[in-house]
Structure formats: structure tokens, C-alpha cells
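The following pair of complexes shares a single chain, chain A, combined with chain B in the former and chain C in the latter.
Now for the complex of A and B:
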């Protein structure tokens, strides 16, 4: 599978996750979000950027409970809970946010 | 121990690259961490190389996944046993290993080391205590 933005083609796996991490740019996230009828606001970007940093450091996309805990630590308790994260990413914070962040599907997610 | 909770030990005996065992084993540990079992990980024989600092896979086709071991603490996998004799036989000491830590929720989130160096005899005892052993 693949999609196109301007003249560039982006390869994805069968679930729509970017095939090559290095292809990512903010436009990719905006495009994927639009496909899901989701408008990316600053709080969305906060999570997406957090995930990209986490991946950079640990080379994995964290499972949702690990993400929740880590967000709480970094961005504050009011953000480190499932309710807040599910409101931002109703398809599942780890899965949906990882997809927009250009990461593979989280390890430990089914 | 709670009902339904078993002692799982993942045993790593192979070098990190060259085969896919180490990476696959690590992924199984991370996935299995979701099931709230009592989990520990053993590093024996060439498996101790998995925790070596300064891994560089630039000349191979494999991703350097050693940073991922540092995420184990986030996944509540906090008991990593490394066999002392295996280190010695390979000219390694504790100082050659990654600094892996976790935050102890029961002790004011104090950062503690996840790595425990144990002798061969102690390792045998640990293996003896397990309900389930998975070899990689």
C-alpha cells in the first residue's frame, strides 16, 4: 500500500503504518489524520512528538500503558491518563498516535 | 504468590546479532509484560553480549536494538540476571554492560539497577524456581 502527498509517494504496510521511518515529516501526520477525520491540535502534536522522541531513545513504539505512564511523567498527571489520551486519539492512543508519528505498530499491541 | 501468577524466566544464550533469536526474545518479553506475571530474564553464555555497551551495527543489515533493553524498566521487567562465569569467560565485567534501571514504585520511585550478577550455581537455583522457562 502507499499514498501520495504532492509528488512524493509514501509506502505503508497493510494497516497504514509508514514503511520507512525516515520518510516521515509533519505533512505525513496531517495527511493520515485527515484520512481519519481528525484535526491535529497542539495536544495531539505533544503526544506525537513525545512518541518520536521515545522511539529515538529506545528504538520501540511503547505499549499503551507504558505510553500513559511515560506521558504522565513528562507532561504531567492530567495528561498521563487513558481518558485524556483516548479523547485525543479515539482509535487507541498508542496505535493511532504511533501511526501519525510514522512509527511501527507498538510492541505489545494486538 | 497470587493465584494465576506464574514465575516466567526468559533465558537468553545467544549473541545479539547473526541470528534473530535475541531480538525476537526481547519482543516476546515486551509483549509478555502485558500479562502481569512474575517475570525475570537470564543472560547466559553468549547471551551476555546482548547487554554489552557500545554496540554498533553500522556494517550489518541489522538494527541496533540495544537501546530497547533500557525500556524494560518501563515495562516493569526489573529482574535481569547475568551469569558471572559467562562474563568472565568472555573477558567482560559489569562495567561493560548497559546501565539498566527501573523506578521502584514501592520505594518513592527511587531509581534502582535491574541488573544482578549471579554465579552459575545461583543461576541454576533461579532456574529451578521457575514455573515457565522460555529459551531464546
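Now for the complex of A and C:
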């Protein structure tokens, strides 16, 4: 599977996750979000950027508590919880946000 | 993200056996494994040329290797007792999801190639040639069975459809048609040590974060150690406990129990997974290879005991198969059961009066318990029959004041699968998972309406993730589902004298 932005083609897996992490750019996130009728606001970008930084260091998406803690630090303690993350990413922060960030889909019993 | 393209069934309040809808789920099939997911497991990367011969040969091999398989295939008298016992049939109305019909998909081919009558008078005994169509049905309907074994409880001959499903999947994988979800995960365990692919530095970072969080919350330093040589206990737990909610609150709870009991423990970054998807795909070699990491870690760390965290099929593999797969365990302390479930561990401490629980800490909750299939029907706990039902409930009741059971025909050995077990916990099977959850949701709704239940506790990572996902489809909150050891951890009085 693949999608196209301007004249560049992006390869994806069956569920629309980017096949190559290095293909990612902010337009990709915007494009994917639009497909889901989701407008990316600043808090969305905080999450996406954190996911990318973390992935770069650890080759895996952060665990939910690692993510909520980081977001709590950046956006205020009242936002450092998964309820807030689900408001941003209703399909689930782990999966939807990873997808926009160009990360592979988390596997396992999650 | 894929929006739901199916209607969520309405809960009726009473169990209803659906009218047959042939082909209702014929469209449901999970993604097929690619070569990169197949080959590391020892399976061919794509459909092999001589798939028909290979499939029959494999079937022949399984018939000799697993003595129960031919018995299950021969014994069925079509009495019909199992037909309405499967949650996937009840939720989808597809007649091929009746356990006996699911068995027949394999049975009719077995008869054709392995029985006298089937070889010579195939029409008389419903024997059929292996064809592409049959293979397609195997792939669809052996991935609409969670290997929960509920049907076998009601079968007068004890025929275990799960074993037939496993054989079906094993044959498919061997001709090049494996399931992506399970095989990708098993590959990650072989390579990195857990289902998530969480490498050691990430695990350490995650656990450090948890220690900080718990200290901030409680003002007490509780450790979540990894790779500590010489610890008494090696805890192997599903990697979802590191990663997801509500699982992580269970992990926090285990840590509190170890802390309060003063027993040294460690996780292992090499065996950072209790789950063993080898059983789901019916493949002995992969199951053994996954389990072997745990033996190795226990030896390397020099522990005296192995405790298994809240994971249903991990416990079944540990309890029923570890001894053959990775035994003997003569290097562990014989004073303790091998393996030991974390619920047994906590129960034992409670019996000895080594833990003090303040039930009032959970007074905001009315709790019920979801028995997980693999614990209920595939194993036991403690040293008395039915321990796997009693022990988790006793722990919950010791941790909270308000506990209610769901209807008798939906708990203990009659429990309904969460709808996501057996390697089906994947987004490409969302419709199946939602529909298969219906019987459990019906039972839950009744105790919500009648008894004011607010939370359902479970001891399986798959159940917890599945309910988190499907509860909202039925208008219930995803945070209703909690870990048993979250209740324990929240009620535990730290630092108290005994």
C-alpha cells in the first residue's frame, strides 16, 4: 500500500503505517490526520514530536506512563494522563499517534 | 484509522441464541504473514508450490505426534451440545463458528485422506478433497476461534476444538500462510525478548520512570529491578505490563507486594515476556524456544524461584507445559511451587498474615472478576481443586469491601472468552473481537444494572487490552477494566508492622 502527497509516493503497511521511518515529514502527519478528520493542534504536535524523539533514542514507542509523564511536564500536570491523550487521539494514543509520527505500530498484547 | 464498518450488537439483557446467518463472517480474515514474519519462525515465506501434498503430510505428522488429535476427529457424534457454547457463534451467528462446524472443516479433509471410508466412499462420510476453497475457510475460521476451550466443557466426549484450531493453523503456517499478528510477535521475542520489541535500555528507562512515579505518589521508594543477579525471585510478566494501561497498575502492585514482603526480586531483560504465542499458532518448536529464554534467565540470574505475572496463556504454558518444554527445575528452591502464579504468591503471603490490606482504599469500587480462559480451563492454582477460581477472588475480596460475581454460567470453568484471546487481539479482527465479546458484555451489564458494579478485574494482559478496546463499543467506560494487583497495591498498607 502507499499514498501520495504532491508527487512523492509513501509506502505503508496494510494499516497505513509508514514502511520507512525516514520517509516521514510533518506533511505526512498532516495528511494522515486529515484522512481521519482530525485537526492537528499544538498539543498533538507535542505528542508526535516526543514520540519521534523517544523512538530515535530507544527504537520503540514510549510506554504509556513514559508518555503521560513527558506530556504532563510539557503541557501541565492536568494533561499528563491517558484520558487527555485519548481526547487528542480517540483511536488510542499508542496507535494513532504512532502512526502520525511515522512509527511502526506497537505489537503485542496492547 | 479504520472506522468501524459493522454494527455493534445491541445487548439484550438475556442470553439469546441467534438465528443462523450463513457466511455472516466469511469476510473476516486477519492479515497474512509476510516472508519476514514467517522465515524467522522456520516457516516458508510464501505459499509453497506443492501446498496440497505438504498440507496432507503435515496433517499426517500431527496425527501421529498429538495422540488426542485423531481421537477428537473420530469421536464426534454430532450431538450438538457444543453448538451454542462459542462466544464467536453467539456474537456472529455464522454457523461455521459453531465448534462442531469449525472441527468439521478439518475433519472432512482428515476423513478423505486418513480413513478407509473417506478414501473409498467420500460422499457417504462427508469427506472432501483439500482445495483452495477449503484452505481459505481454514484461514478464516481458524482465526475466529480463540482456543478458549469453552466448548470442550460441554462436549460429552471432551473434544477440544482449540487443539483442532491449533492443528489447522500449524498446517497453514507450514504451507506458507501464517498469521501476521502472531508471527511478527513471536519473531520479536526470538530477537529482542518480548512481544513489543522493547529493548533493554527502554525497559530500564520505563522501570526507572515507574519508581519515580510511585515515590511521588506514596513517598516510599519501591524498586522495579531488572537483571539483578542473586535476587530470590525472577518475575516473568507480559510485556504489556510495562507498556499499557491498566496493565502497568498491576505491575506497580506486584512491586508493592514484593517490597512489603521483603522478598528480593528481579525482572529479566532477556526474558522480558511471559506470554508465549507459540501455543496460539500450535507450534511446539517456537513455543519451546520462547519458553527457553525464561529458563536461561533464571539460571543466569541465579534465582531461587520463578513467579509468573498476570497473563492467561502464559500461565497455561507455564503450569501445563514448562516441565516438558524447559524442565527440570532442579536448580530452584524445592520449597516453592514451580512455576508460581503471582496470585498464589500474594495469596500465600495473605494466609501467613504477612500483608496488611486496607479494604476501604477501594471503597469507590464495586468489583467483579472475569475468569480468563487459559487459567480457568487450562490450568490450576494452589494445592486444591478450583484454586484458580478461589485464589484470585480471595485476593480481590481481601482488597475491597464490595465484590459481586457475574452469572454462574459465565464464570469459573464456564467463563466466556474476552473475545480477543488465542492470537486474535489485532485491529484487523476488530469486528470479530467486538461481536465475540457480546456474551461477556451481557453478563457484565447485568451486574452493572443489578448490583452497581463499577469495575471488572482480570489477570490476563490480553483480556485487559481487549476490554479496554471493546467496552466503549457497548457504551461502557474503558477504565472499568483493572488489574487484580492494582486492587491489591492500592489497598496494601506499606511499612505496617505484622
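The rule is simple: the second predicted complex is superposed on the first by the 94 of 110 C-alpha atoms of A that agree within 3 Å, B and C clash if a C-alpha of one lies under 4 Å from a C-alpha of the other, contacts with A are read in each partner's own complex, and residues count from 1 in each chain.
Throughout what follows, a contact is a pair of C-beta atoms (placed from the backbone, for glycine too) under 8 Å apart; a residue touches a chain by one contact, two chains touch by 3 or more.
Keep in mind the model is a prediction, meaning the values are calculated, not measured.
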Which of chain B and chain C A:5 touches, first, second, both or neither: neither
Chain B or chain C, by number of chain A residues touched: C
Touching partner for A:65 - first (chain B), second (chain C), both, neither: both
Touched partner set for A:95, first chain B, second chain C, both or neither: second
Touched partner set for A:107, first chain B, second chain C, both or neither: both
Which superposed partner A:14 touches (first chain B, second chain C, both, neither): second
Overlap of the chain B and chain C footprints on chain A, listed as residue numbers: 57-60, 62-63, 65-66, 69, 107-108
Of all residues in chain A, those that touch chain C in their complex: 14-16, 36, 57-60, 62-66, 69, 82, 91-92, 94-96, 99, 106-110
Complex interface listing, chain A residues touching chain B: 57-60, 62-63, 65-66, 69-70, 107-108
Touching residues (chain side chain C, partner chain A) in the complex: 1-2, 31, 180-181, 184-185, 188, 194-199, 201-202, 205-206, 209-210, 213, 238-240, 242-245, 248, 275, 311, 425, 427-428, 461-462, 465, 469
Complex contact set, residues of chain B against chain A: 27, 30-31, 33-34, 63-65, 67-68, 70-71, 74-75
